[in-house]
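All remarks here apply to the structure that follows.
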Amino acid sequence: MPRYAMLGEIMLRLKSPGYERLLQSPVLESSIAGSEANVAVALSTFGRDTAFITVLPENDLGKNAIVELRKYGVDTSKILVKPGRFGLYFVEMGSSHRPTRVVYDRKDSCMAEALPDEFNWNHILEGRDWFHISGITPAISESAMHISLDAMKVAKRKGLTVSCDLNLRTVLWQYGCDPVEVYRKMMDYVDVLISNENHFAACLGLKERVEESDIYNKPENYRRLADEAFEIWPDVKRIVTTVRRTASANRQSVAAVLNTKDNMWVSSIIEIDNIVDRIGTGDALTAGLLFGLENTGDSKETISFAVAASAIKHSIPGDFLRASIEEIQALVDGAMGRDQR
Amino acid sequence: MPRYAMLGEIMLRLKSPGYERLLQSPVLESSIAGSEANVAVALSTFGRDTAFITVLPENDLGKNAIVELRKYGVDTSKILVKPGRFGLYFVEMGSSHRPTRVVYDRKDSCMAEALPDEFNWNHILEGRDWFHISGITPAISESAMHISLDAMKVAKRKGLTVSCDLNLRTVLWQYGCDPVEVYRKMMDYVDVLISNENHFAACLGLKERVEESDIYNKPENYRRLADEAFEIWPDVKRIVTTVRRTASANRQSVAAVLNTKDNMWVSSIIEIDNIVDRIGTGDALTAGLLFGLENTGDSKETISFAVAASAIKHSIPGDFLRASIEEIQALVDGAMGRDQR
Amino acid sequence: MPRYAMLGEIMLRLKSPGYERLLQSPVLESSIAGSEANVAVALSTFGRDTAFITVLPENDLGKNAIVELRKYGVDTSKILVKPGRFGLYFVEMGSSHRPTRVVYDRKDSCMAEALPDEFNWNHILEGRDWFHISGITPAISESAMHISLDAMKVAKRKGLTVSCDLNLRTVLWQYGCDPVEVYRKMMDYVDVLISNENHFAACLGLKERVEESDIYNKPENYRRLADEAFEIWPDVKRIVTTVRRTASANRQSVAAVLNTKDNMWVSSIIEIDNIVDRIGTGDALTAGLLFGLENTGDSKETISFAVAASAIKHSIPGDFLRASIEEIQALVDGAMGRDQR
Amino acid sequence: MPRYAMLGEIMLRLKSPGYERLLQSPVLESSIAGSEANVAVALSTFGRDTAFITVLPENDLGKNAIVELRKYGVDTSKILVKPGRFGLYFVEMGSSHRPTRVVYDRKDSCMAEALPDEFNWNHILEGRDWFHISGITPAISESAMHISLDAMKVAKRKGLTVSCDLNLRTVLWQYGCDPVEVYRKMMDYVDVLISNENHFAACLGLKERVEESDIYNKPENYRRLADEAFEIWPDVKRIVTTVRRTASANRQSVAAVLNTKDNMWVSSIIEIDNIVDRIGTGDALTAGLLFGLENTGDSKETISFAVAASAIKHSIPGDFLRASIEEIQALVDGAMGRDQR
Amino acid sequence: MPRYAMLGEIMLRLKSPGYERLLQSPVLESSIAGSEANVAVALSTFGRDTAFITVLPENDLGKNAIVELRKYGVDTSKILVKPGRFGLYFVEMGSSHRPTRVVYDRKDSCMAEALPDEFNWNHILEGRDWFHISGITPAISESAMHISLDAMKVAKRKGLTVSCDLNLRTVLWQYGCDPVEVYRKMMDYVDVLISNENHFAACLGLKERVEESDIYNKPENYRRLADEAFEIWPDVKRIVTTVRRTASANRQSVAAVLNTKDNMWVSSIIEIDNIVDRIGTGDALTAGLLFGLENTGDSKETISFAVAASAIKHSIPGDFLRASIEEIQALVDGAMGRDQR
Amino acid sequence: MPRYAMLGEIMLRLKSPGYERLLQSPVLESSIAGSEANVAVALSTFGRDTAFITVLPENDLGKNAIVELRKYGVDTSKILVKPGRFGLYFVEMGSSHRPTRVVYDRKDSCMAEALPDEFNWNHILEGRDWFHISGITPAISESAMHISLDAMKVAKRKGLTVSCDLNLRTVLWQYGCDPVEVYRKMMDYVDVLISNENHFAACLGLKERVEESDIYNKPENYRRLADEAFEIWPDVKRIVTTVRRTASANRQSVAAVLNTKDNMWVSSIIEIDNIVDRIGTGDALTAGLLFGLENTGDSKETISFAVAASAIKHSIPGDFLRASIEEIQALVDGAMGRDQR
């Protein structure tokens, strides 16, 4: 079993109840959330040894984040604690044509203001086999970008497998660097790349395009995206292309394609007819993928498990995938949501 | 920008939580609601100068109504405050085949018991360009009917544009007059008529009928309704026919047709696959229409904006359209509910 | 109007809010629930004289159960009260592919530990015309199985009509008997049998099978199930086969077939597009059936009323069918969930 | 055991959460409440046969009131159901120097608009031994005043014991009669009078006054109030004077004096240091008194039980005394609130 | 009636429910709060023309603040809206010996980062008669300190009365200036100074000290504080010394002394035996004082009204004084919290 | 720093909201609770290495208990997981004279049905320095009694310090043994005894008695209790006598006496004027004591820290002491609940 390490920011998520607009009624539902932390919690729930690395303020909010991560079994011993503020995001849940909206309040967070030399990556990554990061972490500040690259470089040098979920939050790129330039630098260290069709272009500047609807009848078109990327970054070992077709804020379908240099496996397409919480569904896919690769290697089983993990996450409130391996496997095996008692 | 004035009753809406039957659990969710007030709040949210005219009791409930209207920027300076009671309605949310149900408790409200000579319409409507009323206000009492007609008459005389949303609440017509007779009197003052196919017959006694499904493939049939009305009331300038096809308590489609004497524009049809709150969706359409007429005149843009405003309202709890012009425009422009962050 | 008597266990149902996983947040929604109690409450709501028979602990939980049953008008005078514990079940609501899950905690309940000689069935059933029981009650303990058989035997002997809803909760069968053997013994006393296709095989060991999808185009295939059962138990007078096609945790269709020895009536099929609470929908069907038989006898009206009762229950939180005869009849008559005000 | 009958109005009570001002947040807690209904529920909880008589609307609110009363075992078979509205009251809980405030919305309720000839008192009171009414019922409308007097007259004639809790809600007396005149008429039929010092003057026009603080060191002064009343209405058999000393909205002490013509018994004084809900505490005293008179007759035990019932009510949310005889007796016996497990 | 202007920061207050520790359960209660905004809302509730001046972000949180202020009638037309973040504070309510705790998250707020030249004070204060500021505003950033001094200087020059509530939040003074130095500069422009005994020393470096208990028997000792301040700043016209004696997190007493150069008036002392929310009680005193000075001038009535406003605020959840003039006056007149109905 | 081990049962605590009676409204607040688990969580929060030993069911409730303990840093690696049920208790919060009431539902729990030979104490206690148990664990079943004695015996033999909090829950002693006999056997292994005056007699059969009020003026009388116990069990090293004087369900005072053979230290007495949650306050005292003994040895500081920990617990909802060392120390140092910001 690989021992995982994740680097990223964790935030307090504050959601208005049900489908209410933000601050419509004077109550907010709080939870802890963040792309890499979501992956860490899911893998830890699957029984994997997972360490989450971040910077937290020494106040009640920072302490609470440690306590919550510990609850799910995540190793918090590498987290730095120092003065500063805890990042936040506000969210209101969409319905039908009204989209789910996120309002970030994370600009001056502890993690954004951390300095590269506060991290001794050789020490932090000791005893770890796999390093994971998302495309959000280098976006939050110039310094966080340097920390991300440092971590990836050391991870690669120490022989860890490096995975990266390339997702772009344009609103976060405020410090003056070009995302494409940064992401292309990161690619030098990546073994496993996860991204969707849009982000291949937006994050990496790739030229190939594909229609989302191709996943239904021409999934082989998705191979072109991988081919272009494999050509530029020949050291990359696996490329996972995720596909999400949105019917409305309540319904969408999810699928993914796992590519190695020689092969591709297309997951089944899962139609979700009642989205409870869309946030964190990409992270659930990543966690499912990492778990799948460990268990069933490069295969349709693996990519289908990843997509099923993502599908199940759509039914669970909060960012975290609170589901067992068995529940996800049941969906891979064709379960239809019939009640169990 | 026209300055609007609305006359109507505002009530305390008391809803059981989620899909619970009324008083199933000992909690009620309260908000402020009423057809014309809903239109006023929406226009005011769009940045328009809007005055709401009603009668409120001088107790905590009446004061709260003023405070809530003021919150959205509605001009409350023309509201009369006097002893009496505040109207209420109870509501439980339906699902699938079980309909949403409203239990009114508004019979002896301040507004129902107001007297025509308590209103100096010349003074109240001074400085206003547009007067709006719904078919509910003349239903609540004989005296309210006279007040409604007085207001429309003075508005017309002073050169205001008069719009009327003709909707029938049969249960409210208790004071012995025939709704058709009253509504036909009102029509003498109407410039912009909004109504659905059923109410053309039920409120105005018109003879033309059309199938709701025609909106999909024979929308021109809807013209016949307008033609009949234009013939009887030649001073009417615009007739908006709204179409709502109900699949279940959770799903319906909305569309509308804008008619002038010489032209008709059919909106796109919007399918709503998860209704959060159906109440106030007609008022949202009216607000969108008035705003659209101001901005894009008689056009497909205008009627599509009106229908999009109604569609977005279906996703928002409470009677009020808590949405921005930009959010509605995004739906006109084809947004599909994909999350924004 | 027949006077009904039901025997079964009633429990405290503890549900996590909304779609949350069990204990995800520190709140549980409580209600009272149990298969036969659900039927009793529904019939009592329909204005029928209905007695519920069980054993309850003499603590606050037991007292609360009596109070809640009395609220709906159920006759609680035959309930035994003694030391012991009150059964519980925990439930989390599923969505899309994640199923609704029940965690039982009823093993050592008062009812499970009751002894056959604590019940004087001759006395208890005095003045009653109809006895109903489900397949769950004999599952909870060996002693409960004997009590169930005693009750059915005496009911039959005293001339009551005996109905039985055969449903299997495999997880409950812990005391070492074979369910099929027990259920076949029970069949000797049954006049009206209610069951679904799977349970004909699993509970009674029947050999005929039918595809759920046959209900759409070959409903006559369902007759074969009834034929096989009528052959083995010639004293049975009516067999109701229920059909539930699950699209996801949020959507399913319901239908049923009413068989007498000479005839069969197929209900309309009702598609439910937003399941609020699936638990108790079978009990609602039973209550609708018993009410229907009393009113419209063996007929399509009866089985359609039963299925409509079940359909409406899908829209109501909690186990109980909190709906009026009129609301159910409206669905039989084609109501589509359009709001009422 | 006497069989009781109570006449009065029952309302929906809508309370803002915790100590919030009315409508401060958009939630109201609902319950069922009303002076005589409170007494009925308490006596019924004590196991007494108690019928509540009122007029209810035939809508969901009226039906809910019947269901809630039935839950506590109250006989609802004498309640009239007809078109109309259900009375309401809004309440916010005070703290320290800010008082608890009630906003009534009961003016045109079913009960207020009921007519004297809708009640056949001979029939209604058949089989009853005790009739109870409060001073609120004759206040709500002229017609309700006549109904109250009719009921008392017939009760007296049929030999029932008549008790009356004289409490004045000045704000309700809107129909033009003088309360003192009405209350003095009622006194002709009263056997057991319950009132506080202020109301002896305000309701009956008596002249004797006493300081509330006398209850501590000169309780005999309270006898003067009773003496004056006994002199005017020699048929009255018992007079209970209640004493409430308010330290703040959170703290008060309660005591009472039971007078017969020849004797007086003073209860112990109970200091309440954390008032959870003050409403209904007088009704709890009445219920405790009636129960006490049945069990321990004219005695210190009786009046102490009545005061203990009132004291316990201060700790329970809602109008109803949800407490057992044993819990009240434990306080009479000196219990101090130490936890029980 | 003077027209008021307040300058300060407004924040989102996020409170854990009841007495729960911060984030103990996943719910936070939100409201809008800030020292000068609290004063503005209270004065506006009293019917006074009050403008609040601040800087708000152009996101949902900033828009919500405007909407909430408008609800209470505060003039928001002078508020600057620009990119940035909205300040927050988290709070948990203490009980007995556990104190109420505030965790600020306001460091990089819009208001803290505003620049002095963004404010045209001559224009902003046009038409205003009274300017109010607290000691918190100059603490949040160096730039906010300059803005505060600018505003006071212009206010003074334009002839407005300037009031200042000197309260020290040590934790906020992070930008390197000495609070005493800043506060002494502010004093050059102050007409009405409000402060407590500790802050006279801590904010202004005064030497006189007084025992809080002196307020009971030697209130004249409080004069010495005023005398020392009048001597240093002879242009100050009124000095209000507030006194708060804390018995526990639930109980305290409040009082205050109003000093002019020639006279002093001591308020009555109000003991609060159940604190619902202590935050904003100082701001309520200020609002009561300003209102009192307008109505009853320099007098015991004025300072007693101010203290009563503060006392009532202790009973109301949230920072705002949601109370009417009549309710406060009733406490001045000796009301004891007896319920009103 | 000693490494602690606790043996006991952990349960799901289900509480009605606020001061509501059990099941008054259909919501229960859930948390995890149990005497020794409470001590473990508190010590773990203080940064101590603490293992909790129990038996848990392999269902969602058991898994949740592990997750919750892990959240607070408790070592859960020694917990046995097997089929069975999770114990529960229901609680309603008292006020004034109405006591807090607990309804246990723990009879057939996993822990109660565990067998002595399922525990290898030599292995379980390896590496631990201190073993703690309460008087509740041997009460839950005969088998649990044997497990308790086994654990204490091995702990003693391995040289661990053994502490025992002797508290009697009479209602639990159902298996036929005499508590005094069992507790006297346990005393053979105890180093540190914690108990209150009543339990010295009820659990150990001691003869000395003392008045609770002696703690105020004759605390030396408490020495007699310790002397009697030291005489019978000369190996006991420390005896802590706890004192709780109940004024009402909302107010009480706490104090304690620490006795060694040669010395006694009396804590200060802390008056709690607003009890938020009384449950777990004894466990907080034990945790404070163990922590204090480690830090300040036998001293007034130690016993005062223990009592302060208990006092602070009274202000926190739930069984757990969610408070820091600093917060408790602040109370030892005289903090009065003044707000902190």
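When the chains are written out, they are named A, B, C, D, E and F in that same order, and each has its own residue count from 1.
Just so it is clear, contacts are C-beta pairs under 8 Å (C-beta built on N, C-alpha and C of every residue); 3 or more make two chains touch, one makes a residue touch a chain.
It should be emphasised that the depicted structure is a prediction, and the values quoted were computed from it without experimental measurement.
Peer 1: Can you list every chain that touches chain E and also touches chain F?
Peer 2: For chain E paired with chain F, the chains in contact with each are A, B, C, D, in label order.
Peer 1: B-C versus A-F: which interface comes out with more C-beta contact pairs?
Peer 2: B-C
Peer 1: Work out which of E-F, C-F or B-D repeats the contact pattern of A-C, with more than half of the residue-numbered contact pairs in common.
Peer 2: Interface equivalent to A-C: E-F.
Peer 1: So the centre of each chain is just the mean of its C-alpha atoms; given that, what is the distance between chain C and chain D in Å?
Peer 2: 43
Peer 1: Roughly how many whole angstrom separate the Cα centroids of chain A and chain D?
Peer 2: 63
Peer 1: Give the residues of chain D that touch two or more other chains, as numbers and ranges in rising order.
Peer 2: 18, 26-27, 274
Peer 1: Going by the contact rule set out above, which residues of chain F touch chain A in the complex?
Peer 2: For chain F paired with chain A, touching residues are 67-68, 70-73.
Peer 1: Show me the residue ranges of chain E that touch chain C in the complex, using the header's touch definition.
Peer 2: Interface residues on the chain E side: 25-27.
Peer 1: Contact residues on chain B for chain D in the complex?
Peer 2: 14, 22-23, 26-31, 59-61, 64, 85-86, 88, 90, 103, 105, 107-108
Peer 1: Can you list the chain C residues touching chain A in their complex?
Peer 2: Residue list for chain C touching chain A: 18-21, 24, 94-102, 104, 169, 171, 246-251, 274, 278-279.
Peer 1: Within the complex, which stretch of chain F touches chain E?
Peer 2: Touching chain E: residues 18, 270, 272-276, 308, 311-312, 314-318, 322-323, 327, 331, 335-341 of chain F.
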